[in-house]
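Structures given as structure tokens follow.
Consider the two complexes below, in which chain A is the common component and chain B and chain C are the respective partners.
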Partner chain A sequence: MKKSHKKTRNKSLIWRQFKKNKGAVIGLVVFCVIVVIAIVSVIVFDFEADITAVKAADRLLPPSKEHWFGTDNLGRDVFARVCYGAQYSLLIGVVSVIISVVFGSLVGAFAAFVGGWIETVIMRLIELLLMIPGILLVIMIVYTFGASIPNLMLALGLSTVPHFARNARASVLTVRNNEYIEASRALGASELRVLFKHVLPNAISPILVQATSRISGCIISAAGYSFLGLGVPSPLPEWGAMLSDGRPFIYNYPYLEIFPGLAIMITVLAINQIGDGLRDALDPKLKR
Partner chain B sequence: MLKYIFKRILILIPLIFLVSFIVFALMDNAPGDPVRTLVGENMTEEQIEQKREELGFNDPLLVRYGRYMKGIFRGDFGKSLYGNKDVLKEYLFRLPYTVKLALLSIFFTLIISIPTGIIAAVKQNTWIDAIFSAGAIMGLSIPGFWLGLMLVLIFSVKLGWFPVYGADEGLKSYILPAITLGVANASLLTRMTRSSLLDTIRQDYLKTVRAKGLSERKTILNHAFRNALIPIATIAGSQFSGLLSGSIIVENVFSWPGIGTLTVTAIRTHDITLATGCAVLTTMFTAVTLLIVDVLYAFIDPRIKAQYTGK
Partner chain C sequence: MEIFKRKKKTVQQPKAFEGEYVLDVEDLKIRYETDDAVVYAVNGIDLKLKRKQTLGLVGETGAGKTSTVLALLKLIPTPPGVVEAKKILVNGKDVMALSDKQLQQIRGNEIAMVFQDPMTSLDPVYTVGEQIAESYMIHDKLSKKEALEEAKKMLEIVGIPAERSGEFPYQFSGGMKQRVVIAIALACRPNILIADEPTTALDVTIQLQVLELMKQLNEKYQTSTIMITHDLGIVAETCDEVAVMYAGQIVEKGTLEDVFENTKHPYTEGLFNSLPNMNDRNSKLNPIKGLIPDPTIVFTGCPFAERCRYAKEKCFKQKPTVKHLSESHQVKCLRYDEADFKIERSLK
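Here is the complex of A and B:
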């Protein structure tokens, strides 16, 4: 009973800190709006009729009252496609980071926990993997297994597992040396209980901050890979894929390139603001 | 110090084995048949099969990998499937374009981010700080390749100041791609410079410096900044090595004749030897650059140097 009381107080403290950062609050509001747009457009738009169907009569119309963002070279409404595309970027960003966090934390926490030569071997391997440029790994994985959303998520997620593993190990090691861990050991808690009850919850905030900033990184990278044709395949209105489709028309129909790009930028900006706010709120030591 | 450099070079050997195995195994499962590409369309199945046997494509993965590694250590990365060019030669021909671009880009990054970072820190919590910080977070949020497209649209297509693509017009062709690659790095470095300087400003020895009556300007530039420089140099160094592989997508936007475009073309045309070679060479090259950067730190930071020589 006492414990849960303390937990809620802690949470409201974080929230109060977060609220002080105006940029972070605006970021959170914008992010929520984007999530709502993503959900609503799945309900409102029909994938076949509104998103992928070719309408030859409406080719390359400039922005107007009927088509807010104009239409593309196949007569598809750019506004509908940009809204519909929100779900892909959000999903790819979140799922690939979850993959990195889960695997990375498990590997890193395991290494820190077992110690000895196993830890040395794991960390050496991680050091080596860190030296392989992530962008090359992603491109090779997606190319080999085919350009699709799940493959892109997996590739993006796996390519940053070593980063998260290293961080997770570092924060577990820091936490493990604290006196309250020693205290709970002294009280007779088992090693596993210590790891899951005390070490991981306290090591989680740096991991969380890293994860938030990684989500925006993943969204930008995913769009870049789709732009190269090594990400989300073209008829799907993912923002990077739309930029790739519109590229041959950039000189005469620049709006085809402007709106999807702005969509990426606003989404990433919102998440970066949230990340900054979280960092300040979770780690008062970093606050300036 | 020498011992440390030697150790770092030794790490490169398992790295080469690991990265080439990962790439080799992945490429082995990749779509496309290298032998069919090599011999052309108008050959019978039997002839293709014969050629496959001849080239050793029927051997198990590990045997082929061993043969490939043997080649690598003799400097033989094979020949590209298209055009039958030497992979290493082709790569080394493209490399200077990427390196020059990375150097120019990191130069842009430094001349923009260090002054803005210092000003933001000195004027902490004023409107100047707010504007610079907002600019930095904007810069971090722009997808590089999209920024490149927009810059081309404005400065090349509309204003005609710079070439639209390629590297044929000397320094002029370098400016837009270098800025494009530099914006995100400059934004990050501005933030780093600011926070690193704010950290040092609070140290006690700066109070001493001020107490003995040094001007604020000299305090910041001669004492605070020099100490804040170490984390800044660390980030800039890793940004530089990151540019060598990270410019792949931006190179594509500008049709830049560097290693990024070479890698993507190799992948798109299913040229497995060229793609594998590019991946292995880029990884090695990035690792060597990082090693050089790390050694250079020792010269900026006497504490690091002492660590190596002390042992």
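Here is the complex of A and C:
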């Protein structure tokens, strides 16, 4: 249909702008590769046999043809574990950001849209959450509910809620007073419709950019908490947990640290590049 | 069958209405209460608008024109705004007494507004078709597909090819955008159309096209219009009646002929005198001296007295009352208590 064809023009404009940034495109490609690896490794590797099974004969082998990244102190193939671990990092990064984006930006947008004392109360409460250091919040949640992936996601998500709420509020404040918002009211649109159909779509770009860069932040934090034993429980090959497991062998078997570390670094770098590209593409000053 | 019926509704004539006036406002007062001061934006005005008529609301920036029409839609932000009136009847319904839900049904359906700047009054994230369709979806409860079809028809009516309905506002020129805004406002065939300086942001050739279009559509749909402007040329071109506003009051009101040919109020005279003289290109501009008064001041006398060259001592002390000069023509000036008072313009 003609209409849908035309409508993609606006999106293709953002895409064209995004394409100009070479780093962002490379980042996107790398990110896609990581996603594919995460999906494929779930299908290819057997969790029991390839990931967690202890093979005493294969302990601490250096990288070779059979074991590309070598094996760890329990004889597990590091390559398989790194690939298999991608899903945890990606899942934790994405889900915890989704939690904080949905909750944070809805609360922030609502506060800004309603205004008055309601806004003040909501924002002060949100800032109260900001006062608690992220690591304390994680320790609290993990020690109360136990170390598991969902709890880690929840803790990470909650600790970034205030940032998203403040960003969303600022963004809605600038959109709220535009003439087209008043025009849609004059058209008879209800307040909810104005908020969801007109205010939020126009305020979304800074939130989107922030969300992208927060994903990498959450992946690093998740790895960090796992390293400290607060995150993903041990037999699971989460990258941070692998770093933690390999720590005693760092002098003689550095590849135990290098490969999971590289995996974290490449993923985070790729996502950050995508975030940069998105920011440039969505910037109204550069667009059009 | 149901759908067919609903479709028919959108292309029908304006909403049924009995009674002489589609709009009846009495003693409208609007003030904005901020922490530092109270701004008296509108100080007791009466407005009546008949079916199919066009009323021009003329005045300087800050005279309270926009506040007045926003109050008709009950869109004055409260707080800080405070709206008081004996009555604001739109289509016979008292706007002051309606619930939010009822208000939403009236807005856009019975009384619609065209905003000043077409560059900012369209939502940048939706196609123009979707934006026109929104009124059909809200008021006529059409499905998105039906609404988009109706929107295309409406685009054709305002002179934009229907194929362009899938384009975004930034792909349109200023004049085209204002056509889209007009299409949105007239989509549900409102009884009253408020045009808040609809051509101020457009250049002169486009102004003419847009005004012609509005005139044409108003005739077609029998819409009554309130035209806010500070361009007297536009008033002469489009309006049946004129109300001149100054400092939140209507100082002179009458038919186009009353106000233009038979000017009575010194302020209206000043407005005409400050137009550039096309016949004598060397003549200097002749503006009204001084500035519009501080709206935080409550006047004991006539607010225009300081700038008025006919002002006498009583003008500063006594509030002017409305004087009816004929059935249609009224003026708010104390000097007309004197039988032989005439302003210069009417002496010519």
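Following the convention adopted for this analysis, the second predicted complex is superposed on the first by the 277 of 288 C-alpha atoms of A that agree within 3 Å, B and C clash if a C-alpha of one lies under 4 Å from a C-alpha of the other, contacts with A are read in each partner's own complex, and residues count from 1 in each chain.
By definition in this document, a residue touches a chain if its C-beta (ideal position, glycine included) is under 8 Å from a C-beta of that chain, and two chains touch if they have at least 3 such contacts.
If you're wondering where the values come from, they're calculated on a predicted model, not measured in any experiment.
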**Asked** Regarding the shared-chain residue A:188, is it in contact with chain B (first), chain C (second), both, or neither?
**Response** second
**Message:** According to the stated criteria, A:272 is in contact with first (chain B), second (chain C), both, or neither; which is it?
**Reply:** first
**Message:** On the A-aligned overlay, A:32 touches which partner chain: chain B = first, chain C = second, or both, or neither?
**Reply:** neither
**Prompt:** Touching A:179 in the superposition: chain B (first), chain C (second), both, neither?
**Reply:** second
**Prompt:** Given the touch rule stated above, what does A:227 touch, chain B (first), chain C (second), both, or neither?
**Reply:** first
**Request:** Identify which of chain B and chain C touches the larger number of residues of chain A.
**Result:** B
**Message:** So in the superposed three-chain picture, is A:114 touching just chain B, just chain C, both, or none of them (first/second/both/neither)?
**Reply:** neither
**Asked** Where does A:257 make contact in the superposed view: on chain B (first), on chain C (second), on both, or on neither?
**Response** first
**Prompt:** chain A residues touched by both chain B and chain C?
**Reply:** 288
**Message:** For the complex, give me every residue of chain A touching chain B.
**Reply:** 23, 127-129, 131-133, 135-137, 139-141, 143-146, 216, 220, 223-225, 227-230, 240, 243, 247, 250-251, 254, 257-258, 261, 264-265, 268-269, 272-273, 276, 288
**Request:** In the complex, go through chain A and note every residue touching chain C.
**Result:** 2-7, 9-10, 178-180, 182-191, 193, 197-198, 201-202, 288
**Item:** Touching residues on chain C, where the partner in the complex is chain A
**Value:** 73, 75, 100-101, 103-109, 112-113, 115-117, 120-127, 129, 134-135, 138-139, 148, 163, 165-168, 170, 181, 184
**Request:** Would you mind writing out the residues of chain B in touch with chain A in their complex?
**Result:** 11, 14-15, 18-19, 22-23, 26-27, 29-31, 124, 134, 137-138, 140-146, 149-150, 152-153, 157, 195, 198, 242, 244-246, 248-249, 252, 263-264, 267-268, 275, 279, 282-283, 286-287, 290
